[in-house]
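One chain, subunit A, appears in both complexes that follow, with subunit B as partner in the first and subunit C in the second.
Showing the complex of A and B:
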């Protein structure tokens, strides 16, 4: 029972980490139709920024604040300077740009390795979040609970922005009918760049908060981005709420298989994805057909 | 490259019919390529022979991918799984089960075809980026299995994979030159087979699906069966490349199923152009030579692989072959 409870919390923590990536990925896809395979690169960049800031200043909180900034800027620049112009020159947003970001994912991993070396780096857990807390009869690391908290706050924040603000309304309209939004006088390119930057910043944030938990290395983004893909496909590409539930399903599947069926750990979530694909190829939580 | 120049010059002449021009150019091109390939071990160093072996194996892999990406218009990022399954298939067959190679190879290909039919039936329910992602997920699943299973010896991989026994012909396949001719023979057969399939009525339906799946379905073609068929042929072709690759290195490990390797295959197809017959061959040659050149210049392979990939997609989307053709066509 105690093992089970610990695994539930571990699953929740993993879910929230993946959700931070999946939210950005699915928003970018829903709005711009771009499958950003390089999303993991922003995760890596965030983590390395976190390492750099934390080791320079000694403050994890400053790293948490500054880590997502570089991904934010780079994401916005990538969209407005590279992807948007290519899309305007007639490249298929679906495939050509997906392949371009595939190259970017590996280029970033290579560049990071070149700059920081291939050693595994670590960020110490901030003192305020170190240690364990007893919870329902088990002792659980406070830092993992912090990650769960961050994930839930981001989910709540995104839901609020998406459902209750003018920006959210514009975004929903953009997903629905891009041409009409442009006709209503919205600068769609600025919106695209902002959303791309925001998605990248969320991935960077995930990188910073993952850093004290896992080691930081150049290919960390390549590993996690594949799990993120499973989440967004299970949740339905472009569906923010679906991604949240799918994150929970994928995170739990991963944590449970780790504890109870370690021999299938490496491929349990892919089996899950394939199962979903057989039953509902459009994703578990999408009821409206995307017009592609 | 000089063959490409020939084809472009021939097309520029107007005195013979276009079909005859194409036939003649193809004849010259194929003929000189085969002659050059046959003579290579006698003309050059063993280093060039080794590179040529790597190019030919990559070309088979790229031909398989091209049938999906170029002919059918389905971009897969998971073809590495079939390359790996080919290698693991004969690895398990010969070293674990103790079967002879002549039995292991066909058994592997039949198994891969069956597996590909099942995987293809799932994957082809989606299209576009979803297809790309689900093929990726399948390959990650096999990658995970290869690392986890005891049967495949985990991340250490399997060694001692045998080359064919050519003792009956009085030859030894462990010699690089003999192995080169073996690879050359299989490559010519495999590339010709894929080309024939792409040119057959079956291939025409695949092209019709690429152009408009809805229209092909409206004309009464069982679109999903054709897509699964293309998936199976592509998988078997990639498995052939995997078998040769594992025989070349006497070794197979999970890296052969990695995401990066599948991406490299797609890159070769894009470099070579998805429309030309020789595309995968040219793409494989450019890629292997570029990779070799880069590894001499720098140890940061991944950085340059990524940048190279981005440049190719951004500027050479139609491939090197098409770029050359249009360069010559534009001259008066």
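Showing the complex of A and C:
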């Protein structure tokens, strides 16, 4: 029972980390129809910015604040200076963009290795979040609960904006019918760059908060982008709410297989992915209201 | 108001619009008629920039707009209602109108959602429904209402009556008449000849991407040969 509870919390923590990446990725796909494999690079960059700020200032909180800034700017620049002009010239098939962003993912890994070396770096857990708490009979690290809290807050915030505000309505409209949104006078390219930047910033935030937990290394973004893609496909491409539930499923599958069926851990989520692709290729959580 | 001169546009590889010229004056409703595939919808899309024009000139007010991206065309004051109505399935009626009001910020007309609910009381009852849950008639009312909230100096409508019951077409016609009489110019593509006859003062007839007739609606109505050849009426 204690093992089970610990694994539930571990699964939840992993889910929230992956959700921070998946939320941006699914919106980028839904709005811009871009399979952005470079999304993992923003995770890496966030983590390394976090390392740099934390070691320079000694403050984790400053790292948390500043870490996502570089991904934010680079994301917006990547969309508006590179991907958008390519799309306008007709070079925007999924293969073109997948190859380009895949290249950027590896280029980022190479660049941070050149700058920071290939050693595994660490960010100390901030003192305020160090230690363990007793929870339902188990002792659990406070920092992991913090990650769960951040993930749930971001999910609640994004859901509110997406479902209840005019900006969210404009984003939903953009997913439904991009051309019509422009015909209403909305500068969709500016909106795309903003969403791309915001998605990259969330990935960067995930990188900073993952840093004290896992070590920081140049390939870290490549590993997590695969899990993120599983989440985005299982949740339904472009479906923000679906990505949240899919994050939970993937996180839990990972944590539970680790504890109870370690021999299948490596491919448990891929089995899930294949199952979903066969049974519901549009994703498990296609928006019901859209069927009407 | 709107002047289109020698407009050429392609749909894929086919040369769909082959040198169309037309004008819409202020306070005027102009119909663009012709059979399916004559190039009417593509002409409208080329005017608003959803299909690139390869050649020709589009002047609105005193601005050249044929090279502007669609959102800039919209901001010059052209509101467009596409043939498929362009309703967003996962956006509520209220939000559709909200997006339009926000997009029109800074333009002279400052109408609100209540203006549209006054014109179409049916929409007021469905204000929290999603676009995907609306009937065809409600979608068309919403599409026109949304276009009006953009504060248009020109309203471009692509077959507003398509697929709708006669009683709803009648209601739409009343509203469009009101809009026309209030002074908003309208460029209307329509297969429903009776509706065009009721609303438009002038007409252009297109066939294979070229203008075959340009004149008043009453001149077209008395030109039986023209109507039979190009409109099958």
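Methods note: the second predicted complex is superposed on the first by the 285 of 292 C-alpha atoms of A that agree within 3 Å, B and C clash if a C-alpha of one lies under 4 Å from a C-alpha of the other, contacts with A are read in each partner's own complex, and residues count from 1 in each chain.
To be clear about the criterion, contacts are C-beta pairs under 8 Å (C-beta built on N, C-alpha and C of every residue); 3 or more make two chains touch, one makes a residue touch a chain.
Predicted model only: the values in this text are computed from it and were never measured.
J.: Going by the contact rule stated at the top, is it subunit B or subunit C that touches a larger number of residues on subunit A?
T.: The partner making contact with more of subunit A's residues is B.
J.: If you stack the two complexes on chain A, which partner ends up touching A:175: first (subunit B), second (subunit C), both, or neither?
T.: Touch partner of A:175: subunit C, not subunit B.
J.: So, A:96: does it touch subunit B (first), subunit C (second), both, or neither?
T.: first
J.: Which partner does A:26 contact after superposing on A: first (subunit B), second (subunit C), both, neither?
T.: So A:26 meets neither subunit B nor subunit C here.
J.: Looking at A:44, would you say it contacts subunit B, subunit C, both, or neither? Reply first, second, both or neither.
T.: neither
J.: Counting only touches as set out at the top, which of subunit B and subunit C does A:111 meet: first, second, both, neither?
T.: first
J.: Quick check on the superposed pair: does A:36 touch subunit B, subunit C, both, or neither? Answer first, second, both or neither.
T.: neither
J.: Looking at A:257, would you say it contacts subunit B, subunit C, both, or neither? Reply first, second, both or neither.
T.: A:257 sits against neither subunit B nor subunit C.
J.: Using the superposition on chain A as set up above, list the residues of subunit A that contact both subunit B and subunit C.
T.: The answer is residues 292 of subunit A.
J.: Touching subunit A in the complex: which residues of subunit B?
T.: 75, 77, 122-123, 125-130, 132-134, 136-138, 140-145, 147-148, 259-260, 263, 266, 270, 300-310, 312-314, 317
J.: Would you mind writing out the residues of subunit A in touch with subunit B in their complex?
T.: Of all residues in subunit A, those touching subunit B are 29, 35, 82, 86, 91, 94-96, 98-100, 102-111, 113-114, 222, 226, 229-230, 233, 237, 263-267, 270-271, 273-274, 277-278, 281, 292.
J.: Which stretch or stretches of subunit A touch subunit C in the complex?
T.: For subunit A paired with subunit C, touching residues are 166, 169-170, 172-173, 175-177, 179-188, 287, 289-292.
J.: In the complex formed with subunit A, which residues of subunit C make contact?
T.: Residues of subunit C touching subunit A: 48, 50, 69-71, 74-75, 80, 82, 86, 88-92, 95-96, 98-100, 102-104, 130-133, 146, 150.
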